[in-house]
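Note that subunit A is present in both complexes that follow, paired respectively with subunit B and with subunit C.
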Partner chain A sequence: MTLLIGSITIGLILSLLAVGSYISFRIFKFPDLTTEGSITLGAAIAASLIVYGVHPLIATILAFAGGFVAGGITGLLHTKFKINGLLAGILVMTALYSVNLHVMGRSNVPLLSDITLITYFEQFADFITPNIESINILGWTASEKDIYVLLFILITIILISIIIYLFFKTNLGTAMRATGDNQQMIKALGVNTNLMIILGLAISNGLIALSGAFLAQYQGFADVQMGIGMVVWGLASVIIGEALLSKKSLGLLITGAIMGSILFRLLVAIALRWGMNPNDLKIITALFVFIALIMPGMLNKFKRKGIC
Partner chain B sequence: MFDYIKHLYKGILLIVIIAAILLFSDLNNRNKQKKENRFFDIKHRSEFFAEPGETYKIGIVYFAPDISLDILFNGLFTGLKEIGFVKDSNLQVTFSHANGETGNIQPVLQNMDNKDVDLIMTMTTPCLTGACAAIKNKNVVFTYCYDPITAGAGKSYSDHLPNITGVGSFPPIEQTINFIEKLLPGIKSVGTIYNSSEANSRKVMSVARELFKQKGIKLKEMTVTNANEVYQAAQVITSRDIQALWITGDNTSLQAFDGILKNTDRSKIPLIVNDIEFVEKGATAAIGIGWYHTGYKTAPMVARVLLGENTENIPIENIVEENIDINFDKIEKLEIQIPDDIFDFINAKSEKLKLTKKLNLTLIQYNDSPISEPSHEGIIDALVNLGLRPEIDFELTARNAQADISTLNLIVDATITENYDLVFVTSTPTLQTAAKKIKNTPVVFSVVADPIIAGAGKSFTEHLPNFTGISTLGDFEGMIKLLKQILPDAKTIGTLFTPGEINSVNNKDELEKYANQYGLKLIVVPVNSSSEVTDAAKSLISNDLDAICQIVDNLTSSSYPTILKISKKANIPFFGFVSKQANDGAVAVVARDYYQAGVDAVNLANKIFKGENPKDIPFEFVSKTNIIINLDAAKFYGINICGDVIKSADKILY
Partner chain C sequence: MLKIINIYKTFNPGTANQVKALQGVSCEVEEGSFVAIVGTNGSGKSSLLNAVAGTFIPDLGKIILDRMDITKFPEYKRAKHLGRVFQNPFTGTAPDMTIAENLTLASKRGQSRGLGWAIPKSVLKEFQKRVKPLNMRLEDRLENPMGKLSGGQRQALTLLMASWQKPKLLLLDEHTAALDPKTANKVIQLTEKVVEKDNITTLMVTHSMQQAVNMGNRILMMHNGKIVYDFEGDDKKRLKVNDLLSLFDEIRRKEQINLSTAEMLEKNYI
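This part shows the complex of A and B:
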């Protein structure tokens, strides 16, 4: 039960990373590698500020701002200096490594004894039901605090998703989506596409940094190497999410990315739970993504042949 | 809305199915105690638990400070904390003692009776006896007392004074006598010193007299009335014809323990006591009560009374955890042969583990590195050396996050779900993730340079309650000293370091500290990936270096051959902290042994297996540092290594 709750919580936290990847990768068709730097940046900013004594909510919001700036720079490099998107992302990601070290002042900031948003959630749990330590659901015991943390993260993610959804429904948001779909057309309509790309990447990386900020508070520390492999997690979640949808629309795709993130975590959790060889972990991860990638195509093929 | 959900059904369905699979993999962890058909059930913290927002006041009265009592306090407050009574937070404790004089007991007790406390705790028999007479209005819970009935607390364990209850711990007298007989075969007479006005001692002696008589051993008794008389009594009794002196838990004699010890040491008579804690102070052997355990078990009784239960209805309990300890130093000096069966008994009691079930252990590592592998081996070998058989006595599940932080989180969650008896973790991020999540299972870490910076505690002794482990901070002082011995004229040394690894930064700072202390200048060059190592090393040697002294981190410990090659070309001697660097041409290596880090972690784990609380086990540095000298390499660099250095080395390579 702890593993189930834990993997859904992590899945939800990293779903912000998935939504961020969805914005850059799918809406703007921009292969953004800034991710690995910006998720760490978010964690670094949040952790350092919390240790410094800033209220965790403000620290989390500033983490978003940090990622926003980082993404904006990637966009700027790509649009103003005509640097290939992949390269622009790599440049910023590389630079962020040093930035993150400066933000934290060292390579690892522990938060174990500091008040974080997660601590607030746990305190809230004590406040509502002070005498309950664990809850027994159908025979599985679950820690009451874990459940509250999960619920709060869920509410937070739903709120953020609604804000993103509403934003992309505004005129500005529509113009941004159109920039990804057809640059020529939207340019003809008098929209500054460069600005749209910069803004889009900024929002994308802001969300990714936010994800990092939550992750640091949840796991109790920020580490300069925590971004390693995160691009894959983000893209994999987006792809798995898409494979699950029978119809593509903005709202569905955002929800799909979140579901993809949770599903991906659950699959990894099962792989862990079934005790496979630890050395095979990465290859199994790759296998999941591969299956998610070919699944929709295979299903269509079968459909055409009338098998199902 | 419905339409919206319709398009998501595949995803929702899959999530539910996979969650269900995950839950069913956990089927055997389901709570099997609840047999009745309840599908939803809320567990409250404990039967007795402090009311939130309430403050409790207790007064503690005892005879005089002593070390056993400190250990009992430790157990008591740990036990109380676990059920919500936190000392100095919602539990106010007033201490007061009689300064070791029987006459002071009454006034101290009366004073406490007039104070605003909810409950009075007495420790030691004289204080309990005093309380039986002096305290009428307040509830009393006693502990640290051999025989509460003789002390006057009641007629029997269930029929006692209405306002008094507590925990008695009658010492294992018969076992003591058997023990003395085994340790000193053919013994004719045993001496003892006690205060005849202490009820507990009188009771013990009346039982002991009979038992000694049955064995045909003479018991020579000396009685005293206060601590000042003890020294003289000891002088007298040791000059009589006794082969051993036995001191039971007599408060007065133990007060003057050092005086007794002086006399037994002088006349070479073994001193046997009933309080384990006195072995450290110099007693030859002890067979007695584990007071931590007694204190811990007293806590629920204190809680019950504080929460309003009537003391009259709580029966007195007798709690004794038998314990043996031997001072091998003294045994050797006294030329006592320890018979095999006592050896076996001590071993059974303390050294070897008595397993009631298979130990289910796990090891979590963050990435694969030349450091993580030997520590893993060390853990396995050390477990086997404890006499545990793999797959039969223990099972060690090893997991590795392959440098992915989110997988690390899931691994820790999986660990919690699987109910291990103990968790080993290596590396700093793993320690931190575990520290955040694992609250109930003991965790032993290793290969963490600085657990304090990692956040595992405030100091090596004051740390997270379920955590303990091994710090592998390098022996920088040893290294600098060695370097100065080998190269007396050295002025400047250099190292590469990885700013992205917290261990690397700490190591660099420590090395710098000691280098400066010994008048050396340290030049550092940062490196961030293995592809940069060549350039960084070249830039390092372009400074006018006398030696390279490469610190340990994950990056350079796998790419050190590059640095070594460059140092050879430039003819700058290489000093390292990883043992295998010596084989590859380092002049000298001062290695914290990572294999040993695994072994040491198991030694700490062994204490936990034996029932010690991880909270009371301080963090330790890895116990072994190897100095390895490579004479061949020294010749290559044209260095003459003097005999002293070679003598101090653990291993010499030619």
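This part shows the complex of A and C:
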């Protein structure tokens, strides 16, 4: 049970990564590799500031700001300096590795006795129901604190997603979506598409850094290696989400990304439970995304052959 | 209204693919006039429109719109004053977004876009009112994605979007070329209606001599990156399709003569 709740919680936290990936990959059709650096950046900023004594809420907000700037730089390299999108992401990701080491001062920052947002959530649980320590769900017992943390994170993620959804329904957000959909058209309608791309990647990486900040606080540490494989992870969540809710409306796609992230995390937990070697995790994730990417084309081919 | 002063543009200069697309084009377009631009493939018609729209900055020369020197303006900045419809019906609209979203994007052309709600309930009525005259029953489908519509429907909407806010200048680049004859006709009628309603200054590139003769009050013929004929007023009114066709023949004949002279020179001297 604890394992299940833990997996769902981490899935929820990483759903911000999924939503960020959805913005860059799907809305802007921009294969953004900044992700691997910005999720670590978020974790590094949050953890270091919290250890330094900064209020965890402020540390978390500054983590978002860090990712925002990182994404903005990738956008700037791509638009103003005309560097290929993949390469721009790689450059920023590589530079961020050093930045992250500088922010943390070493390769790992533990958050053992420090007060984090998670601590607040747990304290809140004690405050509301001081006498209950565990809760019975369908015959399973679960730690009451874990449940509260899960609920709080769920609420936070829902709030952030609603804000993102509403943002993309504003005039500015609509212009951003149009930039990804048909750049020539929206330029002809007077939108500075370069600015839109910069801003879009900034928001995307801000969310990804936010995901890193929550992850560090939940796991109790930030590590300079934690970003490895996160691009594929985010993409996998987006793809699962699209498969779950096939309709193409913005709200459903964002919801899908969140659900995809949770489901993917659960699948991974189950696979590990069944005895999968943790070392194989990344290659299996990569294989999974590969299959998901070629699946639609293959299906079409089979269909066409079936008709002929 | 629009002054094009001696503009030049060479693509890929200094390479094997060098193309002199515009070679000293000058013309002045008065407010409210409708200019048809004709010419052979590759004569520089699209390049002329693109230079005005800012797709590229000319190597030389100036473009003045309404006393404003826009020669160096980036594309998105000029868009405030320009309405554009492209040859490809898919270029002018965003396929994954709804009709209403496309319209709302167009209704804000050249304005700053803030955090206001993109499609407040109040504008839907206006959208329906303005889409209805297209007679394509699109007013009931505002929530449908643009990508589901036919090329003709998308082109009609693009035209509507380009003129949603009265532009100082409307640029039409073979905007009916990709449509079937019936739909093309419809879009042409719509073009006349839109242009007349607000008396919009218009440049229209076309390969249809019929369109060029029937519409507007001026015809420019381009060849090899230059304007070679310019008919206005009564000259334009008198011009028939056949006159234009014989001009094309004449250009072709001159070209052949030029070619054969070149051959002769080559034989004699090399």
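In the analysis below, the second predicted complex is superposed on the first by the 275 of 308 C-alpha atoms of A that agree within 3 Å, B and C clash if a C-alpha of one lies under 4 Å from a C-alpha of the other, contacts with A are read in each partner's own complex, and residues count from 1 in each chain.
Definition applied: a residue touches a chain if its C-beta (ideal position, glycine included) is under 8 Å from a C-beta of that chain, and two chains touch if they have at least 3 such contacts.
Please read these numbers as outputs of a predicted model, since none were measured by experiment.
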Which of subunit B and subunit C A:110 touches, first, second, both or neither: first
Residue contacts with subunit A in the superposition, subunit B compared against subunit C: B
Which superposed partner A:3 touches (first subunit B, second subunit C, both, neither): first
Which superposed partner A:173 touches (first subunit B, second subunit C, both, neither): second
Partner chain in contact with A:301 - subunit B first, subunit C second, else both or neither: neither
Which superposed partner A:268 touches (first subunit B, second subunit C, both, neither): first
Contacts of A:223 with subunit B and subunit C, given as first, second, both or neither: first
Common interface positions of subunit A, toward subunit B and toward subunit C: none
Residue numbers on subunit A that touch subunit B, as the complex places them: 1-8, 10, 14, 97-98, 101, 106-108, 110-113, 130-141, 215, 218-221, 223-226, 228-230, 233, 241, 244-247, 249, 251-252, 255-256, 259-260, 262-263, 265-270, 272-275, 278-279, 281-282
Complex interface listing, subunit A residues touching subunit C: 167, 169-175, 177-178, 181-182, 184-193, 248
Residues of subunit C touching subunit A in the complex: 53, 74-77, 79-80, 82, 84, 86, 91-97, 101, 104-106, 108-111, 113-119, 145, 161
In the complex with subunit A, residue positions of subunit B that touch it: 4, 7-8, 10-12, 14-15, 18-19, 21-23, 25-26, 29-32, 34, 38-45, 49, 52, 368, 397-414, 416-418, 428-429, 432-433, 435-437, 453-456, 464, 499-502, 504-505, 528
